[in-house]
Structures are given as C-alpha cells and as structure tokens.
Amino acid sequence: MNTPLLQVQDLRVTFTTGRGAVHAVDGVTFDVGAGEVLGLVGESGSGKSVTLRAIPRLLHDNAAVSGRVLWHGQDLLTIPDERLRAIRGGQVAMVFQEPMSALNPVLPIGMQIDEVLVAHTDMDRAARRRRAIELLGLVGIASAATRLDQYPHEFSGGMRQRAMIAISLAAQPALLLADEPTTALDVTIQDQILTLLLQLVSELGMAMVLVTHDLGVVAETCDRVAVMYAGRLCETGPVELVFNRPRHAYTDALLRSMPGDGAAGAMLTPIPGQPPRIDSPVPGCAFAPRCSYAEPRCTTERPVLTAYAPGHDSACYAATRLPARVEEGAA
Amino acid sequence: MRAVLARIASRPLPAPLLGGLALLAVMVAFTVSPGTFAPYDPLAFDYNALLSPPSAAHLFGTDQFGRDILSRTIAAAAVDLQIALFATIFPGLLGSLIGLFVGWYGGVADAVFGRLVDLVVTFPFLVLVIAIVAILGPGLANMYIAVTAVGWVFYARLMRGEVLVQKSGEYVAAARVLGYSTPRIIFRHILPNAVRPVLVYAVTDMALAILLGSSLGYLGLGAQPPTAEWGVLIADGKNFFTTAPWIVLFPGAAIVLAGLGFSLTGDGLADLLEVRR
Amino acid sequence: MTLLAVEGVSKRFPARRGLVDVLSGRPRQAVHAVEQVSLEVRRGETLGIVGESGCGKSTFARCLVRLYEPDEGAIRFEGADVLALQGDARRNFNRHVQMVFQDPYGSLNPRMTVGDTLAEALSVHAVVARAQVPARVRELLDLVHLPADAAERYPHEFSGGQRQRIGIARALAVEPSLIIADEPVSALDVSVQASIVNLFLELQARLGLTLVFITHDLRLVKHMTHRVAVMYLGRIVEVGPTADLFAAPRHPYTQALIRAVPHVKPAAREARRNRQAAVTGELPSPLKPPPGCAFHPRCPIAQPACAQAVPALEDRGGAWPVACIRVSG
C-alpha cells in the first residue's frame, strides 16, 4: 500500500447540547492512500458524517474535537486558520448531500467556480473562465459556456450535484470528501454521478472519502471501507474482505439484513432493537445489546481493533466465529 | 388533553408560568370575594377623608369623594377579569370556528375571508372598536360586541394558517382513507393539533383586552361610572394627577400586574403545550 | 381473481399561473402526474409499483384510495365502480382498501395515544362490539409485534420502525383485503427496513392480504413482489412477473433502471469501474413531457418514430406487456 495521504488518528467529537454531552465520534482511526476510495458507512447516528466534517474543521463551535488529522505531516486540527483555508477547497475539497443548500442561490455557477480559482490559483480572468468551462465539461455539463451564467435553481438535481463537483474540483484537490453525494438523487442519476466520481478518481488520481449508508454504493465504488456504529469504528479493510469475510458482528448483521441475499419472498434477517443513543458512552461494545454473537464480556470490555488480514482490522470478540459469506455471494 | 395533563404532572412548571398564575390567582380571589380583602365599601363616600394620601387607614389613599382606592381597585378586579375573559372568548370562539371552516374548505370562502382580513387590518384595531361602540352606544355589552366584530379576524387568521399546515399532514390523509367523517376529522384530529397557537394567543390577548377595556373605560365608552373599573378609576383621577397621584397610580399598577400575569401565563402555556413529534 | 381493476386513470394538477400568464391569455399548464394508467391487482398478490421521483407512483397510489379524484378513467373494486361511491358506500370501500404511509412521523396523530388511534378505527366502522375494543387493540398490537403497553403511549415515544408498525396496525384495524403501501420503509434505516419487510411478508401469509407496494427501491421490489409495474413520467412502461422481468427486462428504461442499482456484491466493482452510466440525461419535467414516448430523449435505441406517438402497453410478442415500439418478441 502506498503511504497514506490522510491519517485520522483517535478522532473524538463531543457536542455539548442542552441535554448534556453527545459523543458523536469516539476514537476513530483510519488512513486514506493517494488515489484510493474509502467508504465510510453506517446507519443514521453512526457518526460517519460528523467524522467527515471534522477533517476540514467544518463543525460548529459546540463541537469539541480531539485526536489528530494528519495531512502531509501537519495536523489539520491544530494548524492556524489561514493555513487551513489554503488547504480547504484547495488540496482538500468537499461535496455535500444537498447541492441546493450547499450552492449559493444568488450567484451564477460560473462565479462560484471563479471564487475557488481566485482563492487557490493565480490564473488571470480569461484563464479562469477557460478553466471553469473546462470543469463543467469535465463533470458532463453540456454547453458549459452558457451554463456558467446560470443560477443553481436553473439546474436540475443531478446537474446541481455535477456543478458542485465541478466547484470542488476547481483547485485540483488531492482529496475529495463526499458526504452522501447521491442520497438525494434518483437511482439513474446516482448511477451517473457515481460513474463521474469514479472517472475523476482514475483520471485525476484523486483520493476520495465517500460517506454513505448504502452498502451497494460501497461495494461498487470503494477500494476500502470503514464501518461505523454509534460513533465508533467497527471494522475497516479492503471491500472484498469486509463484504465476503466480515470480521465484525455488526457488519455481518448489516449485510444479512439486505434483501437479495436469500430467495425472493424469503424472510429477511433484521437487526433486532434500536440503534443506541450516543449521549452516554457504553463500557463495552455499543452493538452488544443487538448482537446475536454477544458474550458476557462484550457488555463490559470494549474490544480493540485487531488485524485479521493485512489491512483488515475489526473490533469484535466474535470476529473468528462469524461465517464467511463468499460462498453465498458466489451462489 | 390527557397528554397535557400528563406533561404537567411529569415536569416542574417553569418559574415565569408560576409567577403568571400567582398574579392571576390574586385577581380571581379579588373577584370571588372582594369583601374579604377590601377594607371599605368601594362606593361609600367618606367626607372626612377627601383626597387623603396613602396612610394606615387608607393604604392606597382616597379619591375626591373619600372613596377608598384600595377597595375600589379590588372591586374593579371583577370587572376587568370579566373584560379579559369575554373580550377574548367571544372573538376567539367565533374566529376559530371561521378559521377552521375556511382553512379546511378553502375555495371561495377562503378568498372572501382573505379580502375581509385585508379590509379589517387596514384600520387600527382601537379605532374600529371605538367607531362601533360609538354607533351602538357606550357600555360593556356593546364593547364586547365591538371587540368580537373586529377581533375574530385575528383568531380566524391564526387558526386558518394552522389548519392548512395540519391538513397537509399524513395523519389527516390516513383519517380520510379510514373513511372518517369530515366533522370527526376536523374536530377530533385537526382541531386538537391546531388549537395550541390560538390558545396561547388568547391568553396573551387577555392582557391586551384589559388594556383595551381600561382604555375604553377611560374614554367613557366601556364600563360606566360609578362601576369600579381600572380604566374608569384612572379617568376619575386624571384631574387630580398632580395633587393626588395615588388615585391613578394604584389602578395603573393593577393594570400592569394583570397584564404581566396574562403574558407570563401565555408564554408558559406555549412551552407546556408544545407537541413532541 | 382480479380484486382491483384500474382502467385508463389520469390525474393532472393545474400549475400555478402568475398574473402575467393570466393577462397574456397563456393556456393553463398542468402537471401530468398520472396518464392513462391501466392495471389490475390480483387477489392475494403483492404488486410492486416502481419508478423514480416524478413518475407518478405516489399520485397513483392516492388515486387508488380516493385521496385524489382521478380526472379520467375508472377504478373497479370487486367489480364495483369505486369512483361513483358516495357517503356510506365510500366509507365502506375504505374498509376494504387501506393505506400505509411513508412518513412514520407525520402519519400518526401526535395528540392521540396508540390505543386511541386504533380504537377509533375500530369503533367508527363498528368492526367489533364496543366492549371488545380494548381486547382487539391488544390483538392488533400483537399482530404487528408491539407490546400491549404501547396502547397507553404517544407516537413520539416510539422509534421510526415502531411507528410504522403502528401505522400498519391502524390499517389492519378495519380488516381490509387490500393494502396500498406508499414507500413504507424509505424513511427507515436498512437494518430496520428488514423487520418491516418481514412484517408485510408475514401478514400477507397469515391474513391473505393483497398488497400494492410502491417504492423507488428495486432491491425491495425484487425481493417482495410477485408482479411489478415500472412507471416513467406518469405512465406504465412495463408490467410483468417480478422474477422474469428482472431477469430479462424488455423496456429500455427498465433495463437502465435495473442496471443502475448498485449491487452489494463486491465482485461487481471491477465491472462497475469499466462501464458507462446506465442511462444518460435527466428526468424530463412533467410540465412539458417529451412528445411520443417520454423516454425517447434518453433512450439508447430511440428512432424518429418514437417521438411521434405514445407507444401502447401491449404484449408485443412477449410474455408481458411493454410500451416500446422497438421491442418485439
């Protein structure tokens, strides 16, 4: 594996709210290599989006962030604001779930691309305009020159997402942080956007962290996956290994709950119970109360991440008792 | 309703609400039994103590006829409480029903209602009420008619907006698919969910109603002398303001405190009735 | 055999017109939400209706329970004309056809306990004698696997999945023979979705329910329906047995839709990286649907004739009907 581009080490995010502290992210560690696509997957409340937003320090003031986010040897969590601004939107860019709220509704798309170019390059006006047209073409927006002068509301949902991707690409980032970029889109449009993102990754050699709740999106697009539950990292590893040979009971249960595993019309295997509330930290494994593999120590001792194969780590006492899924997958 | 009662039982009442309720309780106590609190007959003249300043005998002083201001202020509580209730309940009920109706059915009724609202809000509220009372003649009954004739619009507008929000809720669609009758849907499903802002507004409006009643009393259009009413008391004392300010001061303070009581109660109620989804 | 028959149903919503439009005499535009949909629901089956946003599937669902009045067409339930029903007859129809809604938060009255919500449905339709109502409420809660003490509680005390169970119990209270479920699990997390899907499967087996399942999720449709109708911009483009249709979709839109669904098998990854998007272009505006076949601007096999006339939903030499002039055999 190539040397990591981004290293997230023991990231913790605690929100102070009126009802007390919420431990949204609780000791998350992962790496992203150059040109690699990492999927950050979990259900609502798992802390996946908070983790992503903590990387470029996009969280609000009520969030207390600790740990280290190393980018080319410097810790993004501690560098001065000025240096951070140069990196944010430059080498590290972000794509959001709701393009309509992430784009400025009163500025034409072209001007929003131009802003990034002004901030992160020293191109002159004509060069910037050429670059903006080039970018819209790159993300598959036809007749780019006229589209530059249009406002976000004149774009359809899929086109807005393309425009936002164009803006994020403006300064040729080395890392794209994508927060559920296709969740709000229809399936044929999602397919187009995922195709586009994959193309960009392979053509521009970008790395990408893709936050999603859709295991199908992970399986089709990511090199590696990190599974989160209740603010903690359960399992991380190459997609093939994690999907075919899950080493965490939660990953296993999540994969089993999906339709398509058994025969049509057969009963699915839901995960019993509810996702935990994250306002009080649990001593043991957060998934233990819902886990069919749980043993007594799961509720008292917190399992640590352990390697089961090169690059495949899991924090689960039942790791070796989980069945392989590869036969089912082949059937 | 049970939800509200359960909520009241389950958590401590906020301090502002308690304060508001305490002020209102005093007002109600004065209304129920003025004799217990008033040291003198509020209408009795005492020519030995004309315009006497606050003293041990007359805590709030006396007016130009020697009437005890404390007793008159207490006696007036009944009238002003009645004004607070009637001047909101009548327009509140009428307006809510109209708001429910136009909100649910929409169409022509709603369009007509919209123009009517535009018309009414063009004029200052007080000016319209005074105009109507001037036509009907002074007195409390005519004041209620005037306030209802104008005030229902505000309740109807509030209720209509809330009904429109609730009407689009899926639980209303579910009730329709279950084949429930329209009156059942309106009164059992929409009304309990739509009534909260109207109730809160009504309690806050009671504070304004007291001010309105006092203003009209002061102008001689509301309660008629010698009935003790805080506005009337102030009107009576206005000529002596420089020499005997206590005549207007204490009824004035009563108006402020009663208004505060209703406002605090209204705010507290708003928190209490908040629905959890 | 046929429980519900839909014949040529259309529903259009007039678009808002500004003052300028009125003064300039511009004709009133309409969103063609549902256009000429004909479909039959067979007793005991699960029929899936699938499509992307704006395809009219939810509007169509609401026409089936008469939340919307169709502008054209007929709906027959056990042979009787549903759209002509009034008063008690209409309410009686609603006893037979119920709906489960998408939003688990908005579809329950927040001011009523779960018990009151269920009891209301039971007593309005006099499903059981008054004295039997509390016992029946407990039975209904048990049927959807909620504890008996749920009756005393309010909707906000439940999770999304549990609320959806309450909504299902409410629909079941009037003992319907047909349930229309409009995206009933879309608002839920994957792990919770599975338990609601199971509940539908179980209820269907136990009570012999007929189910119309409306969703945008092809994986769910494939798993739990017997037949599926695919909608695009207000019209059905293909309808057939689910397993066969997924194995060999006939309409180019169905093909694209199935290809666009991400597979959970990681083996699909290499193939995914090397393929193009399943279909290009965006969904057209339902205010101005393209002439002819609405899919032709995005269709890889479109011909000039496709823009001429709306293709009829016909067998076209195959085992199930498809609305595409390029399909034969």
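Labels for the chains are A, B and C, by order of writing; each one numbers its residues from 1.
Note that in this section a contact is a pair of C-beta atoms (placed from the backbone, for glycine too) under 8 Å apart; a residue touches a chain by one contact, two chains touch by 3 or more.
All values derive from a computational prediction rather than experimental measurement.
Treat each pair of touching chains as one step and give the shortest count from chain A to chain B.
Counted as steps through touching chains, the separation is 2.
Name the most central chain, where centre means the mean of Cα atoms.
Smallest centre-to-centre distance to the global C-alpha mean: chain C.
When contacts are scored as defined above, which chain pair ends up with more C-beta pairs, A-C or B-C?
Per the contact counts, A-C leads.
Which integer distance in Å separates the CA centroid of chain A from that of chain B?
Centre separation, chain A to chain B: 56 Å.
List the centre-to-centre spacing of chain A and chain C in whole Å, with centres computed as mean CA coordinates.
32
Find the geometric centre of each of chain B and chain C from their Cα atoms only, then give the gap between the two centres in Å, rounded to an integer.
Here chain B and chain C have centroids separated by 50 Å.
Two-or-more-chain contact residues of chain C, please, as numbers and ranges.
Residue numbers touching two or more other chains: none in chain C.
Considering only the defined contacts, which chain B positions touch chain C in the complex?
Going through chain B, the ones touching chain C are 2-3, 169-171, 173-181, 184, 188-189, 192-193, 275-277.
Where on chain C does chain A make contact in their complex?
Result: residues 52-53, 159, 161, 189-195, 197-198, 201-202, 216, 218-220, 222-224, 242-243, 256-257, 259-269, 272-273, 275-280, 282-283 of chain C touch chain A.
Using the touch definition from the top, list the residues of chain C that touch chain B in their complex.
62, 65, 67, 90-95, 98-99, 101-103, 105-111, 113, 120-121, 124-125, 154-156, 167, 170, 174
Which of the residues in chain A end up touching chain C in this complex?
43-44, 156, 158-159, 186-192, 194-196, 198, 202, 213-217, 219-222, 239-240, 243-244, 253-255, 257-260, 264-272, 274-275, 329
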